[in-house]
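Okay, got some structures for you below.
Here come two complexes built around subunit A, the first alongside subunit B, the second alongside subunit C.
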Partner chain A sequence: MFDAALFYLRPHVIITDPMNIYVCVKHVPDSAATIRIVEPNQIDENITFLLNPYDENAVEAAVQLKADSDDTDVIAVTVGKPAAIDTLKSALAMGADRGIHVVTGYWPDSIVTARALQAAIIKDGLPDLILTGKAAIDSDGYQTQFRLAAALDIPVATHVGSIARNDNSVTVTCGLEAGGEQVIRMRMPCVIGTAKTLNTPRYPTLPDIIKARKKEIREVSIDHLAIEPPDSRMEIIALKSAVQKRRKQMIAGSIEESVTELIRRLKGEARIPLS
Partner chain B sequence: MEKIAILIETRQGEIKPSLYGVITAAQDAEHELLALAFGADTARFADQLKPYGIHHLVTITAPSARSFSNPDNRARAIIRAMDHFDIRTLFALTSLAGKDLLPRIAARLDAPLVMDCLAVNLVDSTVEKPQFSEKTIATIRVTGHHRIFGIRPNMIEPKTMPVETETVVFNYQGTADDRLEVVETRQGKSGAIDLSEAEIIISGGRGMKNGENFQILQECAQVMGAAVGASRVAVDNGWVPHSMQVGQTGTTVCPKLYIACGISGSIQHFAGMKTAGTIVCINTDPDAAMMQQCDYGIAGDLFKIIPALTRQLKAHR
Partner chain C sequence: MNKKYDAIIIGAGVIGCPISYELAKNGYKTLTVDKLADAGMGSTAASCAIVRAHYSTVDGVAMAYEGFKYWLDWENYLGNVKDEKGLARFMNTGSILLKSQGHDWRKVKSNYDVVGVDYEEWSVERIKEAVPVYDLHEFWPVRRPEDPKFFDPPTRMLEGAIFCPEGGYMSDPALSAHNIMRAAEAHGSEFLFNVEVVAVRDDGNRVTGITLKDGTQFDAPVVVNVAGPHSYKINQMAKGVWDGCNIKTKALRHEVMHVPSPEGYNYLEDGYHTSDGDVGCYYRPEVGNMFLIGSEDPKCDPQEWVDPDEFYAGKGGQGRDNQLTEAQYKAQSYRCARRVPDMQIPNQPRGVVDLYDCSDDWIPIYDKTDLPGFYLAIGSSGNQYKNAPVAGVLMAELIDKCEKGLDHDKEPLQFKLRHIGRTIDAGFFSRKREINYNSSFSVNG
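Presenting the complex of A and B:
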């Protein structure tokens, strides 16, 4: 099992060994893909899958942090079906040094995913920083980063728009509502959930992609990680297409006439309280 | 009787209007409803909560008022209160604050959590929530000692169910984790309604042509009491900040009325506003995708139509 004492005794101020940045990435359907439901709770996966857009920002941030310090290892980790290896390759092409693929035969919920990530990470090394996107665009769960942090018993912040590294801590800004911000300092190791505003992810060049082919990807079956089965579960029992019934009424006439008609219908049949 | 709690969220000291729908999602004659609110001054909410079926208002206090600005501390306080009152089911808004607080609580309790629920069935412990860029609705069954639900703002119409509300004070004595420290909190624009909770949104896209032109939308928004949103093109061009972006990689919104101006209606934009009550499309192109999936469309120049709308709405007042 994970030895917490050992984990914290690590002298984070004296950085003699490389800094380990783990980036958790998810293989998700392209947002433009047509989703076809094939079984009561399955989709046809014969569509384009990509590195989750928010995770791109996490990879970019890790690669930038690596550029700032000579001795940094960026390790991309994914949990998912065999095809998820392509998402690791995308992360490697963006500049991650190596990858770990926890191979599953199904798409686990975030409770199991976090346990698998935790097990895979501590089996691999001691994390200084763990980065991941603030959400995955398939399930929009917003929670894996928190569950991972709780499993490792380390601090976490999400919706992060800037990261500044200090000796043994990081200072991040988290988005609040109506454009507000909270500045948070966390001792390392810690987990960061990245927002779109953090950076602009690089597009890998062809040489990057070719170079990435030589990078190591270690595969481990989820069954070999000896994860304790959780008591809690979130299971998709049914899926249906989301169809919104729209009125699809075109309003014609002069500018003034059509605006008058729009207001009339909004206040009338649509019952909108326009003050 | 099982106890069910609703986390109260406030804006400028007042209960957020979208919170009442969350209470309705939890309303059930069989259960005892508790509202949890931070700060001693929230005791005055009892009168507002009474019509919606809240039996107990729990005001959570701490020796230092500042301690609740720390997100980790807030989560710990809620967990203590849940433990103290034997609460196993928690409801809250899927707001920006909820997206931080609820997963913190769920992670510590190892509890199932579903964000952005459109409907909750407490009897069989299932929820409905959009997945895959709002292209599908999933029915999710949650299993666990605790269960936590984030409700999509404005999704559920508030219903009254009057009861007597009793106020209880819960004093949180815990200490903060010194590994996470809040250095500074800068509040958002005062009075500004966050996009994710706005009841009316008017958004602009590439058709706005530049950032200054968003003033036309601001003026109209002011008359309607609306928030202003944008497409990614408007954000990527630097016309407006990312906090205004609606869509896949922006904010998900669910207003009663969404007015799209000069927005073509890409899959990724729809991913952020598909559950809006009524959609109005103002676009020079009658074949735009937004026109095909709206309630009311006006094919025309937004620079003529929006000022006319503002003028007529002003005249109506």
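Presenting the complex of A and C:
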């Protein structure tokens, strides 16, 4: 199955000009929501869920690339429970052309998610670029993009802060741990994990949202994708809430002194990027 | 020996603080207690703090118009007191009431004429000139986005608007309560925070004081319930008070959204407070060039009555706790975006959720009770922030007159509004009244 995918993928890029950009998006709990753990490994899902904020950068990048070339199709793909359709609608309102929802009855691990994404994408068309956010804010796994690229046997770069498209390749800059950057050229198709610094995602307007209502969302059950069951799965055994400890810090001195000190602490300990 | 005061005020919100202030100015030795850490930290902190005159009753308009005069002259009202936190500011944006089927604006207009409110009638063209980002089609009836008809294209235009040049909002409602507390302290008022009232004591004839959770007791011949969304709980602590109220209060959950203004439009500097019954929303500028959007309680919106203790502890569950819900975020932001189509709607909801202390007819209760010495300034129903300074004067006068023998139930206090010179029958706010069907039964009062 993987080899067949390879066979389809490679020639496609060389002979075609129109681009298919697949953007993988995840339906995640709102970071502002109060998360309640109801069973050892479940959260109470009766909270606001939304398009993974990191994936907004991926959708934005795809929509900007589309603006540069007329003949580009941006397809948002998600794997998740029925409610995840709302996340596809958000991606469509931001400018994606259509959506694919791989419907599951549970939240799969990154092995199954990557295989489901791969199968859904291959079934749909021939990708030139696959974009994802650098991670999902719920599981923080940083895995799916790599597993998806491996499954498709194509290159992947993550933490991407700029994308330049050439004829059949892309040049990207990747942020490195120590603050450095790496410039990478990858043949298309390839997978790009977008960094927050790549762009500022647009906010849709109501007319965008209304237009998105008419866009196609194809639903396919994960059972109909006949993905190869993995030999082993990741299983979340227990979830524990983060204990937030508030510490009071007093800043003494004149107004000027205390403001300077406050800014220093915000920039330092709190790592808030103040200019 | 319990410490003694002339009056104890339960609740240091924007309504409790001016009552302490006015009583202190009249020579009362007051103690104001609050279970939170500072003045204005209760429902006042989440208030939209909009100051507008349109109400569905003449007395409602008169009270609000009188209130303006205090906000416009804030420093003088406070006796030029210093507050280390700074002073709240009145942002006089002017106030647009769109003429629509969602508001009985003809009644408002005639109330304005009776009270003498300064206003202009605006055509659609004039509104468009003032606020170019508004789409002035009619979208009535108010619907929620779950209803497919919500997205139907409009066919007709609105008629216009009533514009009040005086009107706007206070920059920081919690700070405004804090300012009033400092002014009250300057007249000898005492404030005690982080203390919870658990009992209202009486001697069989009249109120004698309060008991705190840690057992401390304070004595006073006058106790005033200004506990905001907890008002009904305090009423139930005072003998005979709950049963003696024909109008009851309870806590209603209300969500307020902050949504970015259209790109290139400076709503913060150039925008107006707007009441838009046509889409069931009110909106005003907010820091960060945001539209602050509240719901005008149209019929299609569910009413979520909650237990305030569960709500504030975040334990009520979805739609009953202090977290924004996706459904209401979409309802309010999409409705407002019908009027402001270029408004930017982030995927992530932003805003605040708090509680109205809602009365049966959405008109407040400023009154005595069946327990002598126990008074009520409750049922603010999402619309009494603007009246807080006036409520302070009214309550201080009512308390003083009743303590000196006035039978307010039989011969209601005739209350003179100092600035606009009108006298209103304070019986209008009686706990014994029948439900006032002139009310809009919404935040519009």
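To be clear about the criterion, the second predicted complex is superposed on the first by the 226 of 275 C-alpha atoms of A that agree within 3 Å, B and C clash if a C-alpha of one lies under 4 Å from a C-alpha of the other, contacts with A are read in each partner's own complex, and residues count from 1 in each chain.
In this text, a residue touches a chain if its C-beta (ideal position, glycine included) is under 8 Å from a C-beta of that chain, and two chains touch if they have at least 3 such contacts.
Every value quoted in this text rests on a predicted model; they were computed, and no experiment measured them.
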| item | value |
| --- | --- |
| First, second, both or neither for A:122, with subunit B first and subunit C second | neither |
| Partner chain(s) touched by A:217 [first = subunit B, second = subunit C, both, neither] | neither |
| Superposed model, subunit A: greater residue contact from subunit B or subunit C | B |
| Contacts of A:158 with subunit B and subunit C, given as first, second, both or neither | first |
| Which of subunit B and subunit C A:111 touches, first, second, both or neither | first |
| First (subunit B), second (subunit C), both or neither touched by A:53 | both |
| Which superposed partner A:85 touches (first subunit B, second subunit C, both, neither) | neither |
| Touched partner set for A:43, first subunit B, second subunit C, both or neither | first |
| Which superposed partner A:32 touches (first subunit B, second subunit C, both, neither) | both |
| First (subunit B), second (subunit C), both or neither touched by A:149 | first |
| Residues of subunit A contacting subunit B in one complex and subunit C in the other | 31-32, 34, 53 |
| Interface residues, subunit A side, partner subunit B - complex | 29, 31-32, 34-35, 37, 41, 43, 53-54, 109, 111, 114, 134, 137-143, 145-147, 149-150, 154-159, 171, 174-187, 190, 196-197, 230-242, 244, 246-252, 255-256, 258-260, 262-263, 265-266, 270, 272-275 |
| For the subunit A and subunit C complex, residues of the former touching the latter | 30-34, 46-51, 53, 56, 86, 90, 202-207, 209-210, 213 |
| Of subunit B, residues touching subunit A in the complex | 11, 69, 71-72, 95-97, 99-100, 102-104, 106-108, 110-116, 126, 129-146, 177-189, 192-194, 196-197, 199-200, 223-225, 241-243, 245, 248-250, 252, 256-257, 267-268, 271, 274-275, 277-280, 286, 291-300, 304-305, 308-309, 312-313, 316-317 |
| Touch list for subunit C against partner subunit A, complex | 151, 260, 262, 314, 317-318, 321, 323-326, 329, 334, 337-338, 341-350 |
